[in-house]
Amino acid sequence: MIGYDYLASRLATSLAVTFGVSVVTYGLIFLTPGDPAEIILSQQLDRQPSAAEIEAFRAEHGLNDPVPVQYLNWLTDVFRGDLGTSYYSDMPVSTLIIEVVPFTLELALAAMLVALVISIPAGVVSAVNRGSPIDHASQLGALLGVSMPNFWLAYLLILLFPLTLGVLPVAGAGSVGHLVLPAITLGSGMAAVVTRLVRSSMLEVLDEAYVDTARAKGLRERIVVYKHALRNALVPVVTILGLQLGTLLNGAVVVEIIFQRPGLGSLLVDAVFERNYPVVQAVTLVTAIVFVATNLLVDLTYRYLDPRVQLGGETA
Amino acid sequence: MTAQPPDSALLSVENLHTRFRTSEGPVHAVEGVSVTVDEGEIVGLVGESGSGKSVTARSIVGLQDPGEIVRGSIHLDGVAVTDATDRQLRRLRGDTVSMVFQDPTETLNPVFDIGEQIAESLKVHDQLDSQSLLEYLHVPPFSSRSEWREYRERAIELMAQVGIANPEDRVDAYPHELSGGLRQRAGMAIALASDPDLLIADEPTTALDVTTQAQLLERLRRRNAQRGTAILLITHDLGVVADICDRVVVMYAGEVMETGPTDRILESPRHPYTKALLECLPQRVDRGSRLPTIEGSVPEPTGDRTGCSFAPRCDRATDACRDGEIPTVDLGDDRGTVTCGESSALESHAARSGTATSDGAPESGSATTGSAPGGGPDRSTSPLVELEGVSRRYSLANGPIERLLGTDDTLRAVDDVDLEIRAGETLALVGESGCGKSTLASLLTGLETPTTGTVRIDGTPVGTAADRDAETLADVGVVFQDPRSSLNPRLTVERAIGEPLRSNGWDRSRRRERVQELLERVGLADRHATSYPHELSGGQVQRVAIARAIALDPSVVVLDEPVSALDASVQSRLLNVLADLQADLDLTYLFISHDLTVVEHIADRVAVMYLGELMEVGPADRVFDCPTHPYTRALLEAIPSLDPGGSTGTSLEGDRPSPVDPPGGCVFRNRCPMAEPKCAETDPDQRQFGPVRAKCHIVHE
Amino acid sequence: AGDRAADETAFTIGLASDPTDTSRYDNWGGMAPYWTRVIEPLVWGTDDMQPKPWLATDWTATDDTTWVFDLRKGVPFHNGEELTADDVVHTFEENILTERGDFVYGWLHLEPGSVTKIDDYTVEFETTDPFPGFPGTIAHNMIDIQHPDADRRAGKIIGTGPFTLEEVRRGQHIRVERFADYWGGDPTPTALTFRAAEDETTRTDLLESGEVDLIYNPSKGRLPALRESDDVRVDAQQSAGAISAWINIHREPTDDVDLRRALNHAISQEELVRTVLEGVGEPARGPISPVIDWVDEDELPTYERDQDAAREFVDRSAYDGEELTCLVSADMDDGRTISQVLESQFDEIGVDVAIELLENASVKDRTDRGEFHLQVGSTGSNSPGADYIMWENFHTMGVDNKDLYEAEGTGLYNLGGEVDDLIETGYQSYDPAAKRDAYVEAQRRIMDAAVVVPLFYQEYVVAADAAVEGLELHPIERFAEWRDLTRTA
Amino acid sequence: MIAALDTIVTGLRRRYRAVRTSRALAAFFANPLNVAGLAIVVTLSIAAVLGPVAAPYDPASQDLANRLQPPTLAHPMGTDQLGRDVFSRLLYGARLSFGIAVAVTAIRLVLGTAIGLLAGYAGGWVDEFLMRLVDIQLAFPGLVLALVVAGILGPSLRNVMLALAVVGWASYARLVRGSVLSTKEREFVKAARLMGVSRIRIAVRHLLPNVVGPVIVLATMNLGTVILGTAGLSFIGLGAQPPTPEWGTMLSAGRHHLRGAWWLANAPGAAIMLTVFGFNLLGDGLRDVLDPNHDTTLEKPT
């Protein structure tokens, strides 16, 4: 069972990591050239701001304080549960994030689903029929999946589905139909990675003696493969899924841009480009927390999948 | 292959050829094996590693994949396995034949508890043809909970039958939570769940301690007696065969060399190979004298062969043996068959043939240092190595935070050990797996720091390896438990042996000379200098490890299970090498082994360890001939005797307690047949019984 | 497409920027004040960028700093109430001058408390300093008038426009519906949906798939095909924007006028427009679009493409082969291709230019520090009040020049001296003719000193379903008029 | 002198023998996919080396009159928006894209391996600290890092490389540390300690060679990811500076022409795909050969 010690140690390391991320972010954004005042004002006014306007903005947002002071202020606020306000307006950053999180989550889960639905059967079939044409075909497919730059794939998908076949919307968000193409775009790369992983993991497991024990019982091959072998083969796969979730969160930028979807990825990129630091800070923090939490989840899943795994010491 | 198997045979394998396709050409793993097993019979299949035993067994249950059966037939209960459909095969496996695989750590699925795995087997047997994936995955609407619960109940019964104590508690355990012996028993339960007519057990006891092995063999014998289950027992241990088999089939290089009733084979082996194999067992040789060996090595299974595959190693081989067709001769009177071209083989001819070369008389008596009682190392000299009150505890907390929080479970690996090793002697350390032998060795070598106590070498206290100076380090040579993993796979033999020389500042040309000298000493050819470990056989790798250990002229060499992983024939050769080295270089050995027959052969003195404590220490002949401590006695009794029909003593019942939570009082008391109430109360002191020191309340002079 | 079948009089418009950006448009509940025509300012702009009466019917400057505006009578808000001076005062005082932050003061030259009601239909504005451009400046979608009951941040927008706000879907679209009581007459479309479609290929694909009826700025690569297509109508409209290569005249070696003239002679604006711009845009002779009334192209000196002349100028200049940096913002449409054409054509006259394609903020940072020689940049305005183009770019105290000028007496594009005087005169002149004269003279001098290499005046393109008619385009693209949008069978 | 020569010769001979008789090599060549991967990589490497020599046109020379020409004999892959020969640009780009991939991977590999080795071997607090650093890198949105690096230093090719290198080393560190932890427990390492071999020598001579197998596999696959990474960065505007004919930048610049001038995006797209494909095939093959137990590609693309 999960001990308190374990939880305490995980919590401590997670906190350290999250704190580390926030420090790094803060350091980095203040190294970045460009004055938020000028950039934000020119965006907001759709014209060059005047010198007076810029000075007023700077004063209003405390941008004239020394960086460590700004960081401490920010940190204090975070501990009070306040992620700050966007430089653009009085909009709390938390509101901005909460607004887009469902879209990101929806896309991440859909992509994960696409990836799993494709990769697990493909990987298993590939491993079971090692060296056969099916295996080669699935391996090649997986390789094509990883090799394709995702924005290229996105445009090709749009060309194929809505424009040529007349099915599925081109862009937008809000319905299941809108989710299909982005999920395929994002999921295919992951599917490819996971397929290869499932395959190699399965190949190893299928060589294990306990698989033969299961066969020797007189079990059907299907049960041998999908019950006895697959469960073991999934153990390394889970790690990758955990790491890939991070990719899904901020690697989705390209997909979000092309398919015109709101999301954490484009929120972050826009914020960086606009030097909207409170938003950058908050999104980074949220991603880090999600990452850390996911890895904890991965560990717990590990423990479920493989009772040998001891929850302790090792993190992630 | 003239002998027609009787129609009644439960299993009849005829002229089986199983082959593997590999990138280096086909591997002929099985070349024309014929075996029969009648109902209720126990047949032993013996042979050295790589002789094709496992492949034969797997072929019988249709699991030879990725190999293929290219010729021959297998009939199980009248069904031809080679032509069977998937469905028929499943029926056979679920009903007629069961198999227990070689390694207990790997035969159980690590992610399901053993109850599930046994229940599954029961269910398959009950409902052979209606297996739905979702049901077996326990997906709710497709799978009935109550039904599974019932199967689990029956699983508990079965576990009790194979001798698992407290099966109700163990049914939910995962394989990693069980000891090797329990795992093997669980594997047995899975196999027996289908109430098979034939049980194939592939080296079921090889990885186990003698005591556990004895328990398990006893179960098998009982099963056979009670339910008439036929058993095909695969092993390389002739002692096990002698113990329970009715009949023996001897394999070599994928072929059957000889078959016959156990008594006949052990008493009057006909085939030169069988004879040689029997001769190099240490049991059969006088303590301390040289062991006979079989020169040469098992032929590569690739490539074509003609004639008898043993011919290159057989000193009685004729030209006919090398080229011709080798006849299989039925000895008649149910005395079995022999596949040999040499007519002399047919004569019953006891013991020493010329094949196993008992290579000469002991060279000026040096190899027999320990044999003559009293003629051993000079007892008056001060001991070379001294351990005084040495203990080693492991903290089970891992991770710095846990350590901070002070989670405090400790494991007693070695507990308050006093031991001395005198110059020139061979001290053997024996005990069951996990009793702390290797840890004790590490304390001596400095890989581990004692939690309490001191280690002295030549009278000076020494610390860990990092603290020792080059001279002290050089003074102790080590041969590790697993020879292969103790060599860096990326270094050639030459570099590996040269590594200690290098760190002692030897220059290149000196190193080269020394390496050559060492190779010669351990009996390796010069050409092996540039080989990588993976290019060498197990015996050769072990020689390299030995060469490296003696490179810096140590005075004491720690040998951790140096021969356990090796075949009998290779083992005997290596033991001879060790004896020669000791004689020539005046080495002191700490020889760790769980194989008492080997220890009996080589040791001057013996230390018996149990749960981190020394139970008995004394001269080898005394300990073996007249053991003092009940534990030593139990260990000796558990050794399968080579005498056919010889009794196997009562095996030690019960499981070893955990070193994390050892019993109070005498640690052995809960398994001790002689335990008395006071054993539970106080921990006995070490007491001297003549030349022997033992730790027991009960025994008296 | 489904919406259209349901309602023949509803239209969907694909915009190149996200009209729902809450963080930017939170003052309108996440609705872009542009395009949507839900809210309206007091002043609008004519096609030649003059202030035009809108919610205000007339205005006069009573002294240097006082403006009096007469309001239109009978203008109903979306909640049915009539627009009065109270609403205007309320909007300015409670919203524009308080909530939007201090920067507004500098823009409008107003401070809190400077807007007062004279009577129900008259309002007075007191600017902080003389500001003749005031009416044109407030002719901006963001300087809108709303009813005091409006709860802007909550998305309750009560404007006077022809459409009412119905729905805002963040990052997706905005839906507005016809306001039947609109003071300017009943609009034809019953509903409009403004969809965000920031990626140009996606935007074009949306039009092609029929998901939207009309898009702004389709992908340039697709223009030839769209123009050929019978299903699509393509319109172009010249805007108030202009693209030029701006030259840092205070840094070696571009401080040498001969080099700058050489650069001007190296470029063929016609070729640029014809080729890489697919004909979208007008070859430029000056840095500001002639759509703006105080620009007169014909008054400006011209630099024909003439490579020999250019090389001569180079030889005469102090330039000795060093590499010039040319900043380009990655955000700029066609910035990448344009800069490469420049680079190649400068190369032909022996001037070595290295392009630095940077994100916007980094470009700003570099220009602030003056560490560059050339910048591909633009001018433009979303309101008829475009005076600030001259001030901020070419006046020594303009935002681009000020820091460097104050620090080291330089700047970037400012010639200083008389040009500053001319700009000040133009800026503060209430007389349009005087203003025009001053500005034209300033521009003439700027071009004479070759401070920029003018490239082209911007056009924007609208591609629509061929069945859609009645679209009125405006030089300020955000002033588009949807009232007459219809669909032919 | 002669002795030295002799040792070199025997050394080489031994190597050669090891390679020739290696099962690994035979197994590698037995799989046609591996051979295909090797062939692709070799071909592309040749293109990278010889590209500039073989290219028919100057990759930067514009010809606005002949812009957007579909593929013809004169321009086998057509011309781009500025009338440049796409084929020549592709050939020149091969060197750049390859160079970036190799350089970035090399930096990641060296950095990650060093950190992983140190963490795994030193253990204790050093390990704890370095692993948290790894976690931070993994938990940090790589994009921000890339943006910032590009922002601070300007988005040149060199800085794109730096940005990609900074975000990718953690996977190596983890992988190496994991292998070191298990290898460290192997008895040959204990043996080395008992033989008095110094810590540094143990780390470098005993541990390192035994953990590089999976690292090389990861690196091979990484080469592909890096090329994709540059394409991704170009997409958000942080690619190589024009007119550099880097593939990712070309693909990104041509992406809006997929419908009309399809060759613009598809030519670099196919080149990228082929390269990544080739590296992955090779990596797969190497994995089977070098390390059949390699479990995870702890890869986190940007």
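Per-chain numbering from 1; labels A, B, C and D assigned in written order.
Keep this in mind: contacts are C-beta pairs under 8 Å (C-beta built on N, C-alpha and C of every residue); 3 or more make two chains touch, one makes a residue touch a chain.
Computed from a prediction, not measured in an experiment: that's the story for all the values here.
Asker: Count the C-beta contact pairs for A-D and for A-B, then tell me which is higher.
Answerer: Contact tally favours A-D.
Asker: Once you find the CA centre of chain A and the CA centre of chain D, what distance in Å lies between them?
Answerer: One centre to the other, that is 23 Å.
Asker: If you average the CA atoms of chain A and of chain B, how many Å lie between those two points?
Answerer: Chain A and chain B have C-alpha centres separated by 50 Å.
Asker: Hey, how far is the Cα centre of chain C from the one of chain D, in Å?
Answerer: 45
Asker: Once you find the CA centre of chain A and the CA centre of chain C, what distance in Å lies between them?
Answerer: 38
Asker: By residue number and range, which residues of chain C touch two or more other chains?
Answerer: Residue numbers touching two or more other chains: 201, 359, 361-362.
Asker: Which parts of chain A, given as residue numbers and ranges, touch two or more other chains?
Answerer: 13, 32-34, 155, 159, 257, 273
Asker: Counting only residues that touch at least 2 other chains, which ones in chain B make the list?
Answerer: 400 - these are the residues of chain B that touch more than one other chain.
Asker: Can you identify all of the chain pairs that touch?
Answerer: A-B, A-C, A-D, B-D, C-D
Asker: Sort out for me which residues of chain C touch chain D in the complex.
Answerer: Residue list for chain C touching chain D: 200-201, 219-222, 224-225, 271, 275-276, 330-331, 336-337, 339-341, 343-344, 354-359, 361-362.
Asker: Quick check on the complex: what are the chain B residues that touch chain D?
Answerer: Spelled out, the residues of chain B in touch with chain D are 23-24, 400, 445-447, 465-466, 470, 473-474, 476, 478, 480-482, 485-490, 492, 499-500, 502-504, 530, 532, 548, 552.
Asker: Across the complex, what residues on chain D touch chain B?
Answerer: 10, 14, 17-18, 23, 26-27, 30, 124-125, 128, 186-188, 190-198, 201, 206, 209-210
Asker: Quick one: in the complex, what on chain A touches chain D?
Answerer: So the residues of chain A touching chain D come out as 13, 16-18, 20-21, 24-25, 28-29, 31-34, 136, 139-140, 143-144, 146-152, 155-156, 159, 189, 193, 196-197, 200-201, 204, 236, 239-240, 243-244, 246-247, 249-251, 253-254, 257, 265, 268-269, 272-273, 280, 283-284, 287-288, 291-292, 315-316.
Asker: State the interface residues of chain D toward chain A in the complex, per the touch definition above.
Answerer: Result: residues 33, 131-133, 135-136, 138-145, 147-148, 151-152, 224, 228, 231-232, 235-236, 248, 251-252, 255, 258-259, 265, 269, 272-277, 280-281, 284, 287, 292-302 of chain D touch chain A.
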